[in-house]
Structures are given as C-alpha cells and as structure tokens.
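The structures come next, written out as structure tokens.
Two complexes are shown next, each including chain A; its partner changes from chain B in the first to chain C in the second.
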Partner chain A sequence: MSDLTERLVDLLTRQVGVDEAGLRAEATFDELELDSLVLIEFALILKKEFGVVVEDGELTPNLTVQGTAKLLEAKGVMV
Partner chain B sequence: MNRTRQETDDVVVTGLGLVTPAGIGVRDNWARVCAGTPTATEDPALTGAAVDFSCRVPGFDATAALGRATAFRTDRFVQLALVAAREAVAGAGLDPATWDGARVGVVLGNSLGGSATFERQHRELLDHGVGDVSPMMVPMSMVNMVAGNVSIDCGARGPSLVTATACASGTTAIGVGRDLLRSGACDVVIAGGTESALSPAVLAGLSRMGALSARRDDPSRASRPFDVARDGFVAAEGAGVLVLERGAAAAPRSARVLARVVGFGASADAHHVTAPEPGGSGLEAAVRAALADGDLTPGEVGHVNAHGTSTPLNDVTEAAVLARVFGDRPAVTSTKGVTGHTLAAAGAIEAAYCVLALRDSVVPPTANLDTLDPAVAVDVVAGAARRVDLDVVVSTSLGFGGFNAALALAAA
Partner chain C sequence: MSATAAVVCGLGGYLPPTVVTNDQLTTELDTSDEWIRSRTGVVTRHVVEPGVATSHLATEAGRRALISADLPAADAVVLATSTPDRSCPATAPEVASNLGMAGRPAFDVAAVCTGFVYALAVGTGMIAAGLAGTVLVVGADVFSTILDPRDRTTRVIFGDGAGAMVLRAGDPDEPGALAGFDLGSDGSRAELIQVPGGGSRQRSALAGAAALTSAADLLQAGDPYFRMAGKAVFSEAVQRMAESARTVAAGVGWSLSDVDMLVAHQANKRILAAVGLQLGLRDQQIATHLDRVGNTVAASVPLALADTALAGRLAVRDRVVLAGFGGGLTWGAAAMSWPAIQPVCSHPPQIPAAATAAAPTGGNPHV
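Presenting the complex of A and B:
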C-alpha cells in the first residue's frame, strides 16, 4: 500500500468512521457503504488535508481507495 | 382517582434513559439530583463570551458511545438522544432486533437543532465560500433529525416526529406519544427530548435577551430556582427518553412498569414571545387540564417537579399557579438547580425524575435555594432530598412563545 493510500485509509477510519476490519485498498466506496453525501464530505476532507479540489462526481461509488490515491496523485499530491 | 378509563387504555413507562449534566445514565443522574449538587461550571468553549459558564454533559464521548461513523454523521444534540434512547429501550427489556418496528414510534422534543453544526458551517461559508460548506450540514442540523436518527438506530418504523414547543417540548413529546399509543397507531413510543445548543450565537442571543444568569464569579451557585437572589437560567444540554407502552402490550412480556402516564394538559398563553402571561392563567389551564384528563383532584398530587428555571419571571408566576391549584400540600422542587436549563430536553428529563421519585418515594431538593423568594407560597424542598409517600406527581413546563404543558404520572 502506498503512503498516500495509507493516509487515505487513516482518514477514512479516523474521520469518516469506516470500520478498519473491512478496509482494503481495493475496496470500493460502495462496498465501504459510503453514500453520496458522505462522498461529498470526504472530498471536502481531502481538500482540507491535501489542499486539492476534488470536484463533485469525481469520487464515484465504484472508485476504490487505491483509485482515489491515483486521482490525488494526478492532481499533484505527493506524500 | 376515579378510574373511568379501561385498563387497556393505560399508558405505562417501562424504560428510562438520561444523558444530562447530572451524569450519563439513570443511576448517576438520580444520585446527583437527589444530592442536590449543582453542575454549572466555567465553560472553556465560552471563554470571553458574555456568559462563560454552562451545564454540559460530563465526559460524553460520542465515538466511544456510538462509533466513529455515527459520531461523524450526527450533531451532539442527536448523539445525546441516541445514547439516552438506547438506555431506555434496553431498560424496557425491548430488543430492536426482534420487535415489530412498524409498531414502534418515536416522538422527541427539540427546539434549536444542531446549532453548533449550523454555526460552524455558516463560518465556513463566510470564510471560504459555498464549496467548503459540508453537504451534511442540513441533515445534521435539522431538528427532526433527532427522531430520524433514533428511528434509524433502532429500526422504529411507526409514526415518528419531533415536537417543538421550546422549553415545553419534552413534556409535549410525552403527551403526544401517549396519544399515539391510545389511538392504536403503535404499541411502543420512544418519547423524550434533547437539546445541545451551547453554541456561540445561540448563547449570545440568550444573553442579549437577559434570560441567562450573570453570576460569572460563582457559576455553581447561579442556577437557584425560587431563590430570592435568582437572576436567570444557566444554559444546559442533555437528553431524556422514556419508553411508553400501552399497558396491555407491556403486560404479556412481563415488562417492569415504572409508572403510569395518567394525565396530560397543554395550552398557549397567547400573550408574549418570551414572557409568561403574568397571571399564569395559561399554565393553570394546562395543569388543570392534566388533572381532569387523569380524573385527579389536586389533593392527590404529592409532588410537583416545577419548570423552575431560576428566572425572576418564571419562578414567581409558576409558584403562584401552583399555590392556586394545589395549595401548599405537594412537595415542589426544581431539578434545574442541579442540571441547569436543558431547554427542549427539560420536560422529558424532569418526567424521568418524576418516575424515579415515584419509584423511590423521594423528592429531590432544589439546589442553591438559600432564601425562598417571599412571593413563593408553595413548599419547595431544599437542603436535602425528602422522603414522601407518592401516588401521583405532576411535572410542569413552560416554553417561549407561551407554550404550557403539564404531565401527571402515577405510581405503577
């Protein structure tokens, strides 16, 4: 798991309250039971954490945690 | 009392849940309230504000109590209610995993919703723009969401709503819950009230109204209902929940009946948005309506848990009404001397204290009552809890806007 993916896992467990037990890098947001409201909130959390704008609709239900890390890397986030 | 209704119409209390400045859980609450130990203290979150003290629930950890996911999705006013509701349902011996959720309703009182969330998000809007406002701001701050979240938490799919009669909301909720049960619409109602609005703008507003005590130099002595030196209430947060059932539904599962809800009365002053009608005629009507509803005479009431906010106006007006209706017989107390004023939660918290008073034949003292206001001509319990054999107790509540509500509870 990359450092960025680990940071995302940490944010998801510590802030959003996702259960650590089911949290794999390959898990989709849908599998993690994050609804559309929570995904928008998570985008806000990512903005505050990494300083990048994640537009509405970029975090989709079938995006994985790993995929989110790639998305952020493409926006220039480096850890 | 003259029991003219059938036994099957009886509405009983089978569970209690309390999360208040007096403690988390019924046991700690009752011990603190019976000891008459005030809870008002300096509030670090209010440093520099016009009023810098309040009554908060001590040591409340939403993450530990509810899990991170729920703590993340809810404002504190919902979190307090969730914990209280869980205690009440468990205490009633009910299991949400096996009950028929369609027959379970939720009626909770609230007035200011998630004001802390709202104020934080308003600050985000002003400082950073629309894009930084949380999408969860609205569902976290709407008043009805306390009933929504309790319903989600325990799978209650019957009629559910929030009652908003300001500081009478909790009492109103119990009355409405009782009526829902009597109508046959459900078999169980999770009824109560919650409030956690100790947020900067709300407190500034209350302070500007002159409603709050200004006793900054000695906050623990600030909430002093019926005392001659009272100067306003101490804002507090908390939640109280009662499980109500029709007696006929509780009996088959041998539920322990804690008390019976025998009367409810409500009225409006139609007078002023904040001041009670000076003669107290509105409150008197509500109290008499509750007695009539329960086929009760005033002489049967051994204890009144008064609204007793510690404001100059409320306490003297209310005391005059109680004297007119009851004379000096019942042991009167205001538990707000200990808990402060929990606003919409107060009526429900105080109903729970009434149930406990009936259970234990004990009337808790009014804290900080050093010198009774000479204008108060009722027997207010002070100094220490008093043992009183109790058959019927009454709880009174008054809310901004002129809302009056009274509840009569009888021993099981």
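Presenting the complex of A and C:
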C-alpha cells in the first residue's frame, strides 16, 4: 500500500468511521457501504487534509481507496 | 468598538402543535424511518393547520421573546422569512400590529435559511445607528405550504416554526452582546435552492406568450414548489458555514476551542457533523435540535439556541457562534456571549429527571 493509500485508510477509519477490519484498499466505496452523502463528506475531508478540490461526482461508488489515491496523485497530491 | 452594541435581552420560540412522525410520512412516500433518520437525522417535525400562516407563528414567537425580555414592546420589527403570508405586502407590519406595535418600523428580510443571522445584523445596525433602542428580530417559516408532497428529498426534512430575539442598545462587554458578524452571498448559484414560479420572472416571461385566459393558467405555467439540489447544497453548506464560523470567531479574537456552543442552521445532522469535523469541534459544542423539529428555515437558529439554553447547556457569558447557510446562495455567522435570560418556548425540551439532578452549576435555571 502506498503512503497516500495508507493516509486515506486512516482518514476513512478515524474520521469517516469505516470499520478498520473490513477496509481493504481494493474495496469499492459501494462495497464499503458508503452512501452518496458520505462521499461528499469524504471529499470535504480530503479538501481539508490535502488542500485538493474533489468535485461532486469524482468519488463514484465503484471507486476504490487505491483508485482515490491515484485520483489525488493526478491532482498533484504528494505524501 | 465605541459604537453602541446590540445586546440580546430576550428569546422566544413557537412551534405549531401538530406533529408529523417519520412513520406517518412513509404511508405517503417511498421512504422509511431508518432512511430518514440516517440521511437527515429528523425524527419529528411540526406543521401548521390549514389557515395558519407565517404571521401567526411569528406573532407567537415574538410575544414569547418580549415576555422573556420583560418588555411590552420593541421599537422595530425585523422578520426573516421566505414564506411570507403574501408576496405583497411584507409580513412584519402585520406582526407588529398583532403585538400592539402598530406605527413602528417593520419589514421582512429574505435570505432563506440564513435569514435570522441577516436579520440580526440588520437589527444590530439599526441600534448602532440610533434608529431604534430595541428591535424584535423574528425568524419564521411555513415550508410545509410550499413543499411538493411527492418529493421525498424535501418533504422529510422541513418543519414549520418561529423563533425571536429582542435586542436592546448596550455595551459591547455585556453578556448578550452581539460582538461580530460575517455575511456573504453567491448569486451565481441561485438555482440550487428555489421556488421557480410565482414571481416576476415567471410573469414577465409569460407576458410575451400566448394570451392567458385566467390566473389559473398563470400559476400552472411555473413550478410552485420548493426545489433543492441536495448534493451540491450539502457541500456548499458545510464549507460556507464552517468558513463563516471560523471567520467570525477569529474576528472577535476567539479560537475555535474557545467556542462553547456552535448554533448552526439545522439543515441536516450530517451537515452539522461535517461542519463540526471541519472546525475540530466536539459533539458537546454543537447544538442539535433538528431531530425534533426538522429544518425550520429562518426559525432554525433561534429555536436551536432556545432549546440548547432550556436544556441547561449554556452558562452566562458562554461564547456562542450562530451560523446559517441558505438559498441565494447566502451564508452568515454571528458571535455573541450568552446573557442571563430565560427563553420562553411553546415546546421546551423534555429534560429527564436524571439529567436535571446532574445539571451543571452556574447555568441558567430550568423553567
């Protein structure tokens, strides 16, 4: 797991409240049972944490945590 | 600041007696109590009986605020609402007359869910300018009258109600003084929260259309219901309220950990949680009232403040930040210290016996 993916897992467990036991980096948000409001909340957390803007619709239900890390890297986030 | 400060000296709230539960809504909408609770946090909301309108709720809340302030009247009435009794005239003059205050200046402020904070700023300005020694500021809405009964995204969220404060001229150092404001708007996103029809835009557009034969034709041509783009609004609400609260606190020299209570517009419990997360606040620092009354629009902030105080969660001089976000788009926040007043509400919180036994010392006495 890359450092950024690890940070995302940490944010999801500590701030979003996802159960650590079931959290795999390859799981989709849908599989993790995160509804659309949670994805908006997560986008706001990412903005606060990394200063990056994630538009409504970029965090899709079939995006994985790993995929989110790639999305952030493409936006210039470096850990 | 040497200008005269506006000091909060009374607080009142009024909810229409009829309560609608989530289970009652599920008989008419494709939804469930569990879905409503988890997505919005609302369990019950109050709705007006047929024939009851904003002026009635505003009058009752205003009456209670004046009792709380131990004053027979105020020098002016400022009413925040986006569901006025009529589009013309404003509702405030009738409310003033109902309260025995005919002759005083009275007008409406339209800023949807930011309305009360905007109206407080206006009342504060009137006092600072010496235009009034006391101002009755009311937030009242009856959104049940503009909701699409088939729209589960809005019908489960909103409730009717009214809250009111009495402001008087005083010193900036007094408990109850409104110490600072931060207000803003973004009209480029006006379409996110709206009632599309019924106004001059619709009428003007139709003026060029084929001749309309009746008022019924005119009404049918525009969407008369309240519409809201939920996801975009969610994101904006969290960011704007958090930023505005942060700005107003910094402006009066408070760190966020200094804030004893954030009384934010009760739009949705997930929005409140997200704002709390953005600002690093603990749950105890965030007022929660929407579970019992839903989103009461302009009444939301004063009702939540009254509820929090009556539950014994505020002590005199506690640092309180009020925050709102609504259609316009508009947003705003105000910083105040809690005064030694007793709010008067038609539906005070039911405080369990165990909680009253453990009530914090130094707080306001329970009713």
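What we mean here is this: the second predicted complex is superposed on the first by the 79 of 79 C-alpha atoms of A that agree within 3 Å, B and C clash if a C-alpha of one lies under 4 Å from a C-alpha of the other, contacts with A are read in each partner's own complex, and residues count from 1 in each chain.
In this text, contacts are C-beta pairs under 8 Å (C-beta built on N, C-alpha and C of every residue); 3 or more make two chains touch, one makes a residue touch a chain.
Because the structure is a prediction, the values reported are computed rather than measured.
Per the definitions stated earlier, placing chain B and chain C onto a shared chain A by superposition produces a clash between them. In the superposition on chain A, A:A25 makes contact with neither chain B nor chain C.
When the shared chain is aligned, no partner comes close enough to touch A:V52: not chain B, not chain C. By the document's definition of touching, both partners, chain B and chain C, reach A:L44.
After overlaying the two complexes on the shared chain, residue contacts for A:R14 are found with chain B alone; chain C is out of touch.
Only one segment of chain B in 2-10, 38-46, 92-100 or 290-298 runs into chain C in the superposed model, and that segment is 38-46.
Residue overlap on chain A between the chain B contacts of one complex and the chain C contacts of the other covers 15, 37, 40-41, 44, 47. Across the complex, chain A is touched by residues 63, 67-73, 131-132, 134-136, 139 of chain B.
Interface of chain A with chain C (complex): residues 15, 35-37, 40-41, 43-45, 47-48, 56.
Interface residues of chain A facing chain B in the complex, by the touch rule stated above, are 13-19, 37-38, 40-41, 44, 47, 53. By the touch criterion given at the top, residues 39, 231-232, 234-235, 238-239, 270, 273-274, 277-278 of chain C touch chain A in their complex.
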